[in-house]
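Listed after this line are the structures, all set down as structure tokens.
Two complexes come next, and they have one chain in common, subunit A, joined by subunit B in the first and subunit C in the second.
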Partner chain A sequence: MTVTTRSSSDYRHPILEYIRQDRLPHIFCSACGIGTVLQAFANALRSLNFDMDRLVVISGIGCTGRASGYFESDSYHTTHGRAIAFATGVKVANPNLKPVVISGDGDLFAIGGNHFIHAARRNVDMLVLCVNNFNYGMTGGQMGPTTPDSAITVTSPDGNIEHPFNLVSVAAASGAVFVARWTALHARRLTKSLEKALQKKGFKFIEVVSPCPTLYDRYNRHGSGLDVMKRYREISVIRNFTDPMKAEIDYRTRIVCGEFVDTEKPEFTDLLASQAAELQKR
Partner chain B sequence: MLTRQERAPIVPEEESNTKWRIVVNEDWCKGCGFCYTFCPREVLEKSDKFNTKGYYPPVATNIDRCVGCGLCEALCPDFAIHVEENEEHSKRGGK
Partner chain C sequence: MSNMPAKQILMGINGDEAVAYAAKHALVDVCAAYPITPQTIIVEKFAEFVANGEVETEFVRVESEHSALSACLGASAAGARTFTASAANGIELMHEVIFLTSSIRQPVVMAVADRSPSGPINIHGDQTVSLAQRDTGWIMMYCENSQEAYDSTLQAFRIGEHPDVQLPVMTMLDGFVLTHTLENVYLLDETDAHKFVGRREPMMITIDGKQVPLKLDPKTPITIGPLQLFDYYMESKLQHSEAMEKARPVISQINNEWAELTGRKYGDGYLQPFKVNDADAVIVTSGSSAGTARFVTRQLRAQGKKVGLLKLRTFRPFPDKKLAKLLADVPVVGIFERTHTTGSLGGPLFNEIRSALYDHDPRPIILGYYGGLGGRDVTPEHFKSIYKELLKIKDTGKAPRYPIKYITVRK
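Showing the complex of A and B:
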């Protein structure tokens, strides 16, 4: 017998030192991509040998909002849309900490849209990891700011007539220093991007396109979560450093993945500290 | 007197000495199928037996083909599978 099956008590997965094992198995549906994203993030922490005393995982409300509860670090499960506001507070109060916001598209771009663009504009040092499943999953599959044209959700039963946000384009236009997009299938590349982003200073944004087999993909007849992942394999193309405005995201034709922006800019808390030091000299 | 069945010869269980070992936690598996669908070497297959929740976990039917790339581990959303190096293999000087 080559497969060793062990009971949960003596199971030793290599990333479990970064995950609260007592909280497992997690609440996410079968074939949901959020678990893969958590795995990729934990793998990035492991390969960097990241100091967990400096890490703060912050999340808002929603399916992805549950992510903060699964990491063996300090964490905040904040009010709806305010994850970035909390992260800004954490960073300004103690610039040694590394806030990481893991949240969904509805939380970050609908309710928390203004927090997002202004934190990116100020270039506050934080990593924002957005799991995009194109709808509000936890409340029953309502349409949100990323729901594509003519997609069917609970609140758009005859097809969505609104134009969606292109999240990487919003982030790049707002002034983020690192912008990337991957799907849940690109677990390895996502881990590499996360490693790069964790070592970088400034406002970093990574979007991960994820299946929502229970709601969005069921209403739109995309099949099971596995079928959606197979579809991602067919339609995703990697175009690093392409113009984020042209990085299209369309389930019918193609999803452009890659790292789109990687620049340097003075960081907010550094500028704040240097200004404070100057004012004290006067 | 012993019956024919009882006198059947004892065939020792074949010891596997492959370089990699795949560990599956059946209790945590939610049967999404990512591991056996995306395995580039077709090592894994869907099991015929279901776990306590009614999902079908993976089984490594072709472990000899495994090269330890760890894609199943990276894709698993439930932290229910990982690849380990088999210490016995290196001890016995396997390739």
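Showing the complex of A and C:
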């Protein structure tokens, strides 16, 4: 029997063609969930053989906000909170493009919250992928709009007293046509939801509950990144089409995952186009 | 620091922490802020004071800078002493409320951890963003080091809340160079600090012949910030301008009071000249660059070169007359600013200083230098090269055709 040995250079990672290799190594800490999310996104593009000439990856500012720099597509790293407004402009100017916003909980729901609810209300065709790590990672782990009750952060050293958003509920109430939540553990299911959302027209929202072992999970003594993933496995349940208002997200007890909304309504740029056509006829 | 009048505590802290201590010592009632590099340490340190029960401040972790200053404005209108801090994009986002705060005369104090504006996106320091606030009607003070950041922040409450003034105050500290660099800083004993700042006293106004406090108070209801169109808008602007003029003596007075209390004095509160009197060439600059420039000035003086430094501490109100007095007889002046402006002849410091000297005959040959943008290091070599050029111009009497230059830039 002959044994052929191969060097690692004989193998090409299947998602490499979707990644800007000159930007590697990436900036994320080890065991951070953002890498998993980006890989799931690349896998979804790959399995759909997505037309990369139509893809625009847009992000705000934050650790997650760095996403736009890593994809082999058109991309834009906007200012903090404005990714969705920018994506609206992209979509309106060229409805043939497919904007995907990848950003953090702070970027999308603190400083950028207004844009989120209005783009969802208008049903602008875009996919918003939010990495929810319960804090502002990039600036050093301050509390934000998803930080749970009593959680410790550098700006809530005595425990957070504010009530957090339930993001899937906000998205559904604002009018998103597709709403899902997964954790960074659910890489395969997340990829499937991404595939579905990428093929669907309208405002789609996917939340990924994700470890930030360097800051949030360290301050709250959740152990290593691996421990956090184990915890996700223990407490997460999949309940598709559950009422998003009731989709619990509590690290102490239960994280309800799944696809909660999948519906249809007229999309904004289509409405713009048909109204323009009507006006032309007058 | 040989003769220190009040007892002081020496601490190894950075500029952000120095500001946080000042806010703590200033008995701030309400603080609302949103994190942004390089300001984050101020807010985090302050959150620690709140959590430890060391301050009685209501601290609101708002969802953006626009909300931060809006919340401070509301709190201030209700009579609270308020403080916030931000940087770069945060200041830019606040811009709407920055105008509003000064226009309705609320003495909010804000520390600006000066960082370059986006884009390209950059987290390091220069003064472009703060100087872009020059028309907002705030009092503006630039700090050279962490000690000055502590001192000026505490002074800011006294200046802004002074009954003649009633204006908000911005104190600037250069991003990273000051915000993140450990220095020895003398802090006042807390009781002495409290004595110095006191409590905020609302301004009294006369309504229907009655004296009432200018604050939202159910006992004496008033409206703050109503619509003013062509009927009264211009009169409000004039009053605002008069308040800024009245701040002039107050800034000097508080600077003197501070000197008596701590032994530290920043020139006349506006300008700090160093060997300017007989100088052939003077550099004017602000913020941390002044420290580097002073070091070079001292070196060159030791070599017998007649050079001098003028540090600009207070930018608003702009000390035009004081500045002209100090500079009118200097043959050549170089203005070094960590600011960038396009499509105009030089940046804000260059323009304002040149304009202040316009009425003098003869007046210095004046050059403007852009440098240290986006956090690019400002080194002694830079100031040596500027002095060299200024002295050469003095010797030859020949001014360059275009007075604006970039220091260390690749073409």
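Rule of thumb we're sticking to: the second predicted complex is superposed on the first by the 271 of 282 C-alpha atoms of A that agree within 3 Å, B and C clash if a C-alpha of one lies under 4 Å from a C-alpha of the other, contacts with A are read in each partner's own complex, and residues count from 1 in each chain.
By definition in this document, a contact is a pair of C-beta atoms (placed from the backbone, for glycine too) under 8 Å apart; a residue touches a chain by one contact, two chains touch by 3 or more.
Just so it is clear, the model here is predicted, and its values are computed rather than measured.
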Contacts of A:280 with subunit B and subunit C, given as first, second, both or neither: neither
Contacts of A:253 with subunit B and subunit C, given as first, second, both or neither: neither
Partner chain in contact with A:96 - subunit B first, subunit C second, else both or neither: neither
Partner chain(s) touched by A:49 [first = subunit B, second = subunit C, both, neither]: neither
Touched partner set for A:225, first subunit B, second subunit C, both or neither: first
Subunit B versus subunit C as contact partner of A:40, first or second or both or neither: first
Subunit A residues within the subunit C interface of the complex: 61, 77, 79-81, 110-111, 113, 136, 139-140, 142-145, 154-158, 162
Subunit C - residues contacting subunit A, complex: 34-37, 40, 43-44, 47-48, 50-51, 61, 63-65, 89, 93, 118, 121
Residues on subunit B engaged by subunit A in the complex (per definition of touch): 16, 18, 21-28, 30-34, 37-38, 55, 57-60, 63, 71, 73-80, 82
Subunit A - residues contacting subunit B, complex: 1-8, 11-16, 19, 24-26, 28-36, 38-40, 43, 184-185, 187-188, 191, 225-226, 229-230, 233
